[in-house]
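Each of the next two complexes has chain A plus one more chain, namely chain B in the first and chain C in the second.
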Partner chain A sequence: MVNPILLIALPLFFAFSIPIVGFVYRPLQRWIPVVSLGLTTLIALSLIPRVGAHGPIVVITGGFPPPIAINLTVGPLGLLLALLIQVVGLLTALYLVQVPVKEPHDRFSMLFLLLLLGATGMVLTGDAFNLFVFLEITSIAAYALTGFQRTGESVEAAFKYLVIGSIGSTLYLLGLILLYTQTGTLNLADIARHLHQVDPRILYLSLVLIAVAFGVEAEMFPLNGWAPDAYQGAPVAVTALFSAVIAKAGLYALLRMLYTLFGVQNLLYVLALLGVLTLLVAEAAALRQRNVRRMLAYSSIGQMGLLMLAFGVGSSVAVSSGLFHVLNHAVFKGILFLGLGLMALRTGSENLEDLAGLGRRMPWVSLLFAVAILGTLGLPPLSGFWSKFFILYATARAKFYGLLLLALLGSVLEAAYYLRLLQVLYFQEPQKPLVPGRTPWLPALSLGVLAVLLLLFSAFPHQVFHLVRPAATELLNRGWYISKVLATGGL
Partner chain B sequence: MNQALLYFGGSAALFLIGLYLVLVKTNLIKIVLGLDLMETAVNLFIVASGYIKDRTAPILNRPDLLAHPSQRAVDPVPHALVLTAIVIGVAVMAMALSIVIRIYEKRQTLDISKLRSLRW
Partner chain C sequence: MTRRVLAILLLLILAVALYQALARVPFGTDRMAVSRYYLDHGVQDLGGVNIVTSVVVLYRGFDTLGEVTVLFLAATGLGALLHGLALHDEKRRRTKTPPSLIMRTATRILFPLILLLGAYVFVHGHLTPGGGFPGGVVVALAYLLGFLAHDHWRVNHRAVRWIEGLAGMTYVIIGLLGLYLAGSFLANFLPPGTPGRLFSAGIIPLIYITIGFKVGSEMTGLLSEMKEITE
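Up next, the complex of A and B:
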């Protein structure tokens, strides 16, 4: 078996080899992220059978078994998200080979790899302080990438993100140390095991601090003020990553804390409530946007809200369909943001009116764009329908009828602006000529692969549910996780 | 006990001063300073949480330490953590200041109330 620590070590090696490769043969630099993410995708794929058969792989570093040293815990949930991060990252890296971003491209590629590395580390680590380190790696890379275009808007967005993000991570560190003073351990499973020793006042204080910290990363209302600006300021490929995987890593950390570390199943309705608020506020804001990127950004925040509702309901059906929706949302938003990037190459703008008539002039990209929109709306044959339907079904089963109604209202708002976008795309006459040129083939390839994934999810929803079930079980079954990590002989 | 209270109270005070700077001040540099103070406060808290009066670092090179390490030495983990936290804090500060430089280049101002998209 390949050691899962390579999922972290390889990108680190490749990221810092980029400048050296630049000395040898400069054009090769652009391919380094593709190579790195291709390898990590293969590694993540190769781990699936073993994790499926034997449960979590616990990687021991420094020769001490848990709970002493830092360890990676590659369980079904972590592996699912790590694989998602590698796949979306690989497709985005392919996209970036032919679509230029602002120079210096080598630094961009380094930050790009570090961003994905941090997110992978966040979902795989079994150590609370290590989670902080990976959170900061992800965040610092994300701040830098947000400001990478060096326009006024993007650097302001980066500063806003930095202020909110670093307050968030400081709060996480504080909450973590509070727990450490009470339990004397940093291993997530071991803290969870010793939680009954903690003074309840300190317990709830650190719960609030940690939930706020990861609420920032998971774009939870009212902590998501940075998100629309960062999504708009960053290069479009980075926006696709923020939406498809980085926010998911934040959500994972939040869920790991709530479900496994604190085990507060009785307080999860707060998460559901905040999720619905996130959904409604974001969808209402999206309705007013003229800039399509910003509209998609708000839509992405709204979908994060729907995910929080699913995980806040917390039944087995809700968690499974929430995880299914995580996959769906990553694919849909990947297509939408990358597709928008390709459209903007030809139209020179991301405003709604400038996309008029693209349905005829860029038929393939527009078709995928439209399919992803219909998927997000949850039109029946597409995979978005299954995940969204079962989230709402589980909400109804849990007797959260008020939340159900509000979530449906959010879906109606969502339909309003997405259908307007489709109408502009297909039924309005173009006003400006396109920039001449062809759609480059590598970005088209990555959009194509995302579309194939979308069709696979749509054609085999039952199998996808089957695939995410172990991950849902890991999240819901706190004792199983604790015993698996601590009883391990390790690697 | 009083000494511990001093450290914990001091770090809480530092944290609040930092938060005040971030929330109230309009100058970007002062906001960055506020973030730094908050981080420093947490770092102080981490160090203080590992401190036990009349004990020494767990470097077991003396016979009395070797005989009763768990009664003579402090907890080394917070000190290891705080080093990492300081380094990460430096990276965040460097990032923040370089972004502030870019903002000044683009907008010719450090006043947050004059930056259109930074109001929230």
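Up next, the complex of A and C:
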């Protein structure tokens, strides 16, 4: 068996090697993220049969079992998200080979690889402090990448993100310290097992601190003020990653805390409520945007709200369809942001009016763009319909009728601005000539693979539900997680 | 105005809640489930007399690799943001006092001694307080002193980045050797030796030496980049 720790160790090795490879043979440098992410994608794929058959793999480090040393818990949920991170990362890396961001390229590649490494670590680790370390890796890489263009706008966005993100990480650390004073252990499963020893007042304070901390990363209202600016300021490929996988890693951490560490199923309605608020506020803000990137950013935040609603409802159907929607949203937003990047190469701008008439002038990219929009809206044959429909169905089943109505209102708002975008793309006359040139082939390949994934999800929704069900079971079954992790030992 | 009042209110609530919680943390009672294990078994398990080091490098070595990465990221990110930046300030340049003779002479004597101290701190990490991070910072401080004392001082950026990269790769390779020789990532695959001797505690000194090189080169590179943009 391939040891899952390689999902962390290999990218680290490659990231450290980038400057040296650059000294030895410079053209090789830009392929390193592709090689690294290709290998980790294969590793993640190769782990699926084993995790499917035997449940979580508990990977020990340092030679000692948990809770003495740190462990990774590679269960169905973590592996699903890790695989998603590697695949989206690989496609984005391919895109970047031909559409590089500005100098220094070597540093960009390192930050890029470590951003994805951090997110992978967040979804795989079984240790609460290790989660903090990976949160730091992810967010520090994200701050630097946000400011990478070094324009006033992007540096301001990076600074904003840095301030809010650092406060968030500190709050997580504070909450964790409070728990540690009571349980004397840092292993997630071990803390969960000893939670009854914790004084309730300390317990609830640390719950609030930790929820706020990951709420920042998961772009939960009202903690998401940094997100639109960061999405707009970062290089477009990085924005695609933020939307498709990095926010998901934050959401995963939030859910792992709520469902497994604290086991507060009775308080999840708060998450559902905040999710709907996130959705409504973001969709209302998206309606007013003239810049397409910013519009998509708000839409992405809105989708995170929908996911929070799903996981806040917390029934088995809701969680499964939420996970399905995680996959859908990653694919849709991957296409939208990378596609927008390709369009902007030719139009020279990301403003709505400058995309006019691209439907005829860049037919393939526009077609994929349009399909991804229709998927986000949940048009029936597309996969977005299934995940969205079942989230709303589960909301109704849980008798959250008020939230259901508000979520539907959010969808109407979403339809309004997305249909306007489609109208501009296809039915308006172009105003400016395009920058001459062809669409480079590697980015086109990335978009093509994402489109194939979209079609597969749309054609086989049952199979996707079947695929995500073990992950949903893992999240909902707290006792199973605890007993699996601590089966090897425990103090 | 309302925003400020709200912010103060929020902070007050947080302060009260934290006070309430911390007041309930019992003082002096033993809730150290895992730490107790480290104290009782640390020396036999690993042969390191410095338990803190054993926890940092072996029991929780995976976190330390992460922390090394965090520092690497911070340096890389800052380097990326400073790229191509030039902060010329002619007025300050003209009025700047040059380093005095005493400063320059003392630096020439102190520079090797500080380097030696840094190396001592990270080589003896498993025996005495300190280790790779402080040792590396001490090494970088020697260079900082050089930058302050000599305007024309430069470090070879290529060499710094070679050391930085190789040290990081070595750390990962030591971890992988643990995986293949001892069954798990970053596990100790060397004999523990006699506690208290320089050659003891398995892979701890090796890891601390790589961290020392990595942190030292990283901080030196950072300092020199920040010096160069102002010139």
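We adopt the following convention: the second predicted complex is superposed on the first by the 488 of 491 C-alpha atoms of A that agree within 3 Å, B and C clash if a C-alpha of one lies under 4 Å from a C-alpha of the other, contacts with A are read in each partner's own complex, and residues count from 1 in each chain.
Rule of thumb we're sticking to: contacts are C-beta pairs under 8 Å (C-beta built on N, C-alpha and C of every residue); 3 or more make two chains touch, one makes a residue touch a chain.
If you're wondering where the values come from, they're calculated on a predicted model, not measured in any experiment.
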{"item": "First (chain B), second (chain C), both or neither touched by A:S349", "value": "neither"}
{"item": "Partner chain in contact with A:T151 - chain B first, chain C second, else both or neither", "value": "first"}
{"item": "Touched partner set for A:K160, first chain B, second chain C, both or neither", "value": "first"}
{"item": "First, second, both or neither for A:F129, with chain B first and chain C second", "value": "both"}
{"item": "First, second, both or neither for A:Q463, with chain B first and chain C second", "value": "neither"}
{"item": "Chain B versus chain C, judged by how many residues of chain A each one touches", "value": "C"}
{"item": "Which of chain B and chain C A:N3 touches, first, second, both or neither", "value": "second"}
{"item": "Which superposed partner A:I70 touches (first chain B, second chain C, both, neither)", "value": "second"}
{"item": "Which superposed partner A:S46 touches (first chain B, second chain C, both, neither)", "value": "neither"}
{"item": "Contacts of A:D229 with chain B and chain C, given as first, second, both or neither", "value": "first"}
{"item": "Contacts on chain A seen with chain B and repeated with chain C across the two complexes", "value": "129, 133, 136, 140, 143-144, 147, 150, 155, 158, 174, 181, 184, 186"}
{"item": "List of chain A residues in touch with chain B within their complex", "value": "129, 132-133, 136, 139-140, 143-144, 147, 150-153, 155-160, 162-163, 166-167, 170, 173-174, 177, 180-181, 184, 186, 225, 229"}
{"item": "Partner chain A, residues of chain B touching it in the complex", "value": "15, 19, 22, 28, 31, 35, 38-39, 42, 45-46, 49, 75, 77-78, 81, 84-85, 88, 91-92, 95-96, 99-100, 102-103, 106-107, 115-118, 120"}
{"item": "Residues of chain A that touch chain C when the two form their complex", "value": "3, 5, 9, 12-13, 15-20, 23, 59-64, 67-70, 103-104, 107-108, 110-111, 114, 117, 121, 127, 129-130, 133-134, 136-137, 140-141, 143-144, 147-148, 150, 155, 158, 174, 178, 181-187, 190, 194, 199, 201-202, 205-206, 208, 491"}
{"item": "List of chain C residues in touch with chain A within their complex", "value": "17-18, 20-22, 24-25, 31-38, 45, 58-63, 65-67, 69-70, 72-74, 76-81, 83-85, 158, 161-162, 164-166, 168-169, 172-173, 175-176, 178-179, 182-188"}
